[in-house]
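Next up, some structures in structure tokens.
Each of the two complexes below includes subunit A, the first together with subunit B, the second together with subunit C.
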Partner chain A sequence: MKKNNLKAWLYLLPAILFLGAFMVYPLIDVFVYSFEEGYNSAAQTSFGVGAYNYRYVLHDPYFLQAVKNTFILVIITVPLSTGISLLIALGLSSIKPLRNLFQTVYFLPYVTNTLAVGLVFMILFKKTDYTDGMINLLIQTFGGKSVDFIEGPYWAKMFVLSFYTIWIVMPFKILILTSALASVNEEYYKAARVDGTSKSRIFFKITLPMISPMIFYLVITGFIGAFKAYSDAVALFGTNLNAAGMNTIVGYIYDMLYGNSGGYPSYASAAAIILFSIVLTITVINLMISRKSLRS
Partner chain B sequence: MKVVLKELTKRFANRTKGQPDVIAVNHFNIELPDGKLIGLLGPSGCGKSTALNLISGLEIPTEGQVFFEEDDVTKLPAEHRGVGLVFQNYALYPHLTVRQNIAFPLGNLKGDQKLPKEEVERRVEEAARLVQIDQLMDRKPSEMSGGQQQRVAIARALVKQPKILLLDEPLSNLDARLRLQTREELRRIQRETGITTVFVTHDQEEAMSISDLIIVMKEGVIQQVDEPQKVYTDPVNLFVAKFLGTPEINVFRGTVRNGQLFLGEESVLDVPGVEDREVYVGIRPEGFILSETGRFTMDLKRVEEMGRDTSVIAAHPAAEKPTVRAIISSENEVDRTKETVKFDIKPFRTYLFDIETEERIPFGG
Partner chain C sequence: MNQNRFDKIEKRAVRRKIVSRTVTYFLLTLWALMVLFPFYWMILTSVKSYGSYNAEYIPKFYTPAPTLENYRSAFTAVPLARYFLNTIIFTLATTGLMMIVIIPAAFAFSRLEFRGKNLVFTLFLSLMMIPNELVIITNFQTITNLGMRNTYLGLILPSVTSVFYIYLLKENFEQIPNELYKAAKVDGTSDFKYLLRVMLPISRPTIVTIIILKVIECWNSYVWPRLITDDEMYYLVSNGIQEIRENGFGRENVPAMMAAVVVISLPLIIIFLIFHKKIMAGVSRGGTKG
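Right after this comes the complex of A and B.
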């Protein structure tokens, strides 16, 4: 037994070394920085230890704006993207001809570069001196007034960002849900049919419970992913997100690290720890709900 | 309820392009009598399950009609036929408890058919008691044995009080001991409910032991419809004779000359009324009588004592297989020192079949 244990540790050693050096150590380090006031990474000095960084960050209007943006984004995009993906997956699994073609088409956004897609969205939504953008042209043909989605009102910008985020996360969800639907044994449906079960009852009483582990998985990873949103906002609104009022928590951390020549690593660390605790809390709640409903 | 199948046919397009269609069920004409337990028997891939699905409405026939009593239900979809169906792997909803599973079909009733809660409860309890799982109502299917799951599946099929109960290979997922027990259960449940029941099986013993009526199928075609014992003692063709009975029937190639059956050079049996011809001869293992003066001589290979019975394993050049098995009472002493063994054969356990058509040739005597 003892010998086997030793062997096991030996096998685990490479992974432990790398994980320790590149994950655990930085995490602890960030935690330490977040309590060191005015930490300077070049000089490795700080003024003192305390909760000052947290106090500063939590009172920083930019941070509060970023938190607000992130929460709105999460609340809008996670349910919507999962719901729409489920509808599309259901549609895909109920059609026979051209199913593979549609599956490929729906998967394309997943393999497309975020910034390239951002460019396309700019063309669709951005107002320039020459054109109001495709979407505005569309709105105008229906008699509406054109809206500046990129530099205009907050709700318009949030709409574009949510739209974009939903669009970019959907392919993966559709993929997972189509395979989840395909893995439900055909016999359950046959049994339900013989018993005269209506379509909606089949969906809510059989299909949905059967694929619920996958849905929970998508919701949990969706929450985590949406809390870490950053590149989507950059793709749409450029790097100066604070000016656009569209910063996210990760964006704020990034700005704090690299902004203003050298940046403020202490503030960045504090913000990162706050984000970490938010994500952790939400994930734990999610897991608790999913465990409970999967058991019953 | 009586079920009548008229010229019922189901064709499937062949998977390999250019090949002819597969005819899973070929011109079925049969009447399934009310209140009987009917075994649909045949080797794997002979179209038994398709036939069952045609009755349930899960498959739509290419030709022909299905009648429930006098009503033509051919075009009626499965959900309106009111049949109970038990699947081979039970198809119990894994996320629901036994109680919820059994109650599921009742939850589908709408409008005036909708049952009050107490009535649902009562019916569920009743169905559960009938199959003797009323102690396990709050378990999930995954917490039950195969036999228990089977019972739940039957209860779920029975709870809506169907006019006909269909079971697809109901015992094939159970181990040997449980299978014996469950098939008795099946018989009991059918007797108690009096519901017309059709079950599909490839196991002839299963079909023989509990059915009132056996339908033997081969490649989509009905071979014989009869009472179990009749199918065994009076097979219509070589296929049926071979398919029923364990150990299998012994098949020889023989010749009929002057009303006598010759196996090799020996005349082994008088077969009056049969013209001179080549024939297949089927002799059931129990159709041999050990006799010093027997007319049928075979090479003795070995003797297997099995308590009540003794198996004599012999060989004969005219036999289809390298060994011939004769089962005789163990009161008979076989002289193992001899190279040969002599038998007389029982005419009522011996069958003649045409070489070409493999149809039975009757003989008097």
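Right after this comes the complex of A and C.
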């Protein structure tokens, strides 16, 4: 028994070492950083302990802009992507021929490099001296006025960012919802059809309740993911997100840490903890709502 | 008379079904086009010559004279081959090391008995909830203090463990009947030999899925490499493409940029085409992006 004990720990050792060094220790350290005032990276000294870093971050206009951008992005993309993917999943499960082909195609964005494909989106939406760009051409054919989506007005930039974010997260949601729909027991549908139940009634009384745990799962993970948006914004607007006015909370953290505006791990830590508290609060609210509605 | 009415109702039902089918297929095709169009556009633009691209005020949907010139300049004007090599080294090393770390851990949790097992496993699981953004700040400081910025080691070390994959593998190991383990013990096979000879071959499908998912994650990783490297010689493809966008080729050479984008996207698309069933099954078992 004793020998077995030792051996088990030996098997676990590499994992414990790595997790300890790169997960547990940093987790404690980030709180320490966030309360150390005037921490200097080079000298590794600080003036004292307090909430100054939090006050600084919460008064930084760049941070407030990042919070605003992130919240708008979350509010637009989470409901839209979940709704559209539910429609697509319903469509997919109602057909037989070509179904697998569609499913495979829809999953493609999942394996693509966010930065690389973001560049394509930028080209499609951008207006330069040489060309108005693909999307503006489309707008013009329908009689609209062309806009520079990449360096133009705020709402245009937000539109591209939301569009690209949705494009990126759809594969995961479609996949999860299609497999959820496939796992609903056929017998329910047969019984309902024998009773002559209408299609919309079947959807609201059978399908939706059966897959609602999965929908809640997607909404919760969707909120978490959208709050952590960053690479999509970089892909579209470049690394200097503050200048573009399109920074996100995660972007703010990294900018504080590194780059031309970097060297402030304390501010970065404070911002990271604020982000984490926001995400945690939203997740708890989500869980409470889902528990309540799943029970009834 | 009655028969007539019945026919009419039936006909209407059939017609309605055809209409709804058509609408469904139409919408599904529309989304498929939305997904595929950026890929079409990047390939198309990458074979347009620099001159003809910039001459098109209204972009064309085809090109009469495709050229591979842009691919040549993608490899010569910017160190794309170097980014590629870095990413391959990073991906192989990270994935390999991760397997070495997680397989024994999953084995210990699934087969060995030791004091505190449940407690340790619960602690491991709770680490799954820690977002990367919280720990990345200290990791950045750690790697910087160790003088490992702009090294492969600095890139690789923080991403070699994944609690989620340990969990996935443990679940899989547990499905292997315990009788096999007991029989092996009676035969005097050591635990380690049993793990290598019996458990790994049986769990191959899961292991392959984990490897593929990790490779995808490594190939696309951007944030950590961006923090830890500022020397172009150590850029991965994601940082490379950002560098190309901001300083490479000159801002206007879009076709060459698109050629680089195609080259970077291709390996994963090939992997996806070969393994799409495995990847989709793996992801629906609980993967998330990034």
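Everything below uses one rule, namely that the second predicted complex is superposed on the first by the 270 of 296 C-alpha atoms of A that agree within 3 Å, B and C clash if a C-alpha of one lies under 4 Å from a C-alpha of the other, contacts with A are read in each partner's own complex, and residues count from 1 in each chain.
As a working rule, contacts are C-beta pairs under 8 Å (C-beta built on N, C-alpha and C of every residue); 3 or more make two chains touch, one makes a residue touch a chain.
None of these values were measured; they are calculated from a predicted model.
Of the two partner chains placed by the overlay, neither subunit B nor subunit C lies in contact with A:Ile215. Note on subunit A: of its two partners subunit C and subunit B, the one contacting more of its residues is C.
Legend: residue contacts after superposition of the two complexes on their common chain; A:Ile206 is shown touching subunit B, with no touch to subunit C.
Once chain A of one complex is fitted onto chain A of the other, the partner contacts of A:Ala89 are absent, as it touches neither subunit B nor subunit C. By the touch criterion defined above, A:Ala233 lies against neither subunit B nor subunit C after alignment on the C-alpha atoms of chain A.
Contacts of A:Glu187 after superposition: subunit B is touched, whereas subunit C is not reached.
Once the two complexes are laid over each other on the shared chain, residue contacts for A:Asn4 go to subunit C alone; subunit B is not touched. By the touch criterion defined above, A:Asp195 reaches subunit B but does not reach subunit C. By the touch criterion stated above, A:Thr131 is placed in contact with subunit C alone, subunit B being left untouched. Shared contact residues on subunit A (touching subunit B in one structure, subunit C in the other): none found. Residue ranges of subunit A in contact with subunit C, taken from their complex: 4-5, 7-9, 11-12, 14-15, 18-19, 21-27, 29-30, 33, 41, 87-88, 91-92, 94-95, 98, 102-117, 119-121, 123-124, 128, 130-134, 137, 167-169, 172, 175-176, 179, 221, 224-225, 228, 230-231, 234-235, 238-239, 250, 253-254, 257-258, 265, 268-269, 272-273, 275-276, 279. Those residues of subunit C whose C-beta lies close enough to touch subunit A in the complex are 21, 24-25, 27-28, 31-32, 34-36, 38-39, 41-42, 45, 54, 56-59, 100-102, 104-105, 107-109, 112-115, 117, 120, 124, 127, 130-131, 133-142, 157-158, 160-161, 163, 166, 191, 216, 219-220, 222-223, 226-227, 237-238, 241-242, 245-246, 252, 254, 257-258, 260-261, 264-265, 268-269, 271-272, 276, 279-280, 283-284, 287-289. Partner subunit A is touched in their complex by these residues of subunit B: 56-58, 77-81, 83-85, 87, 89, 91, 93-95, 104-105, 107-110, 156, 160. Only residues 185, 187-188, 190-198, 201, 205-206, 209-210 of subunit A touch subunit B when the two sit together in their complex.
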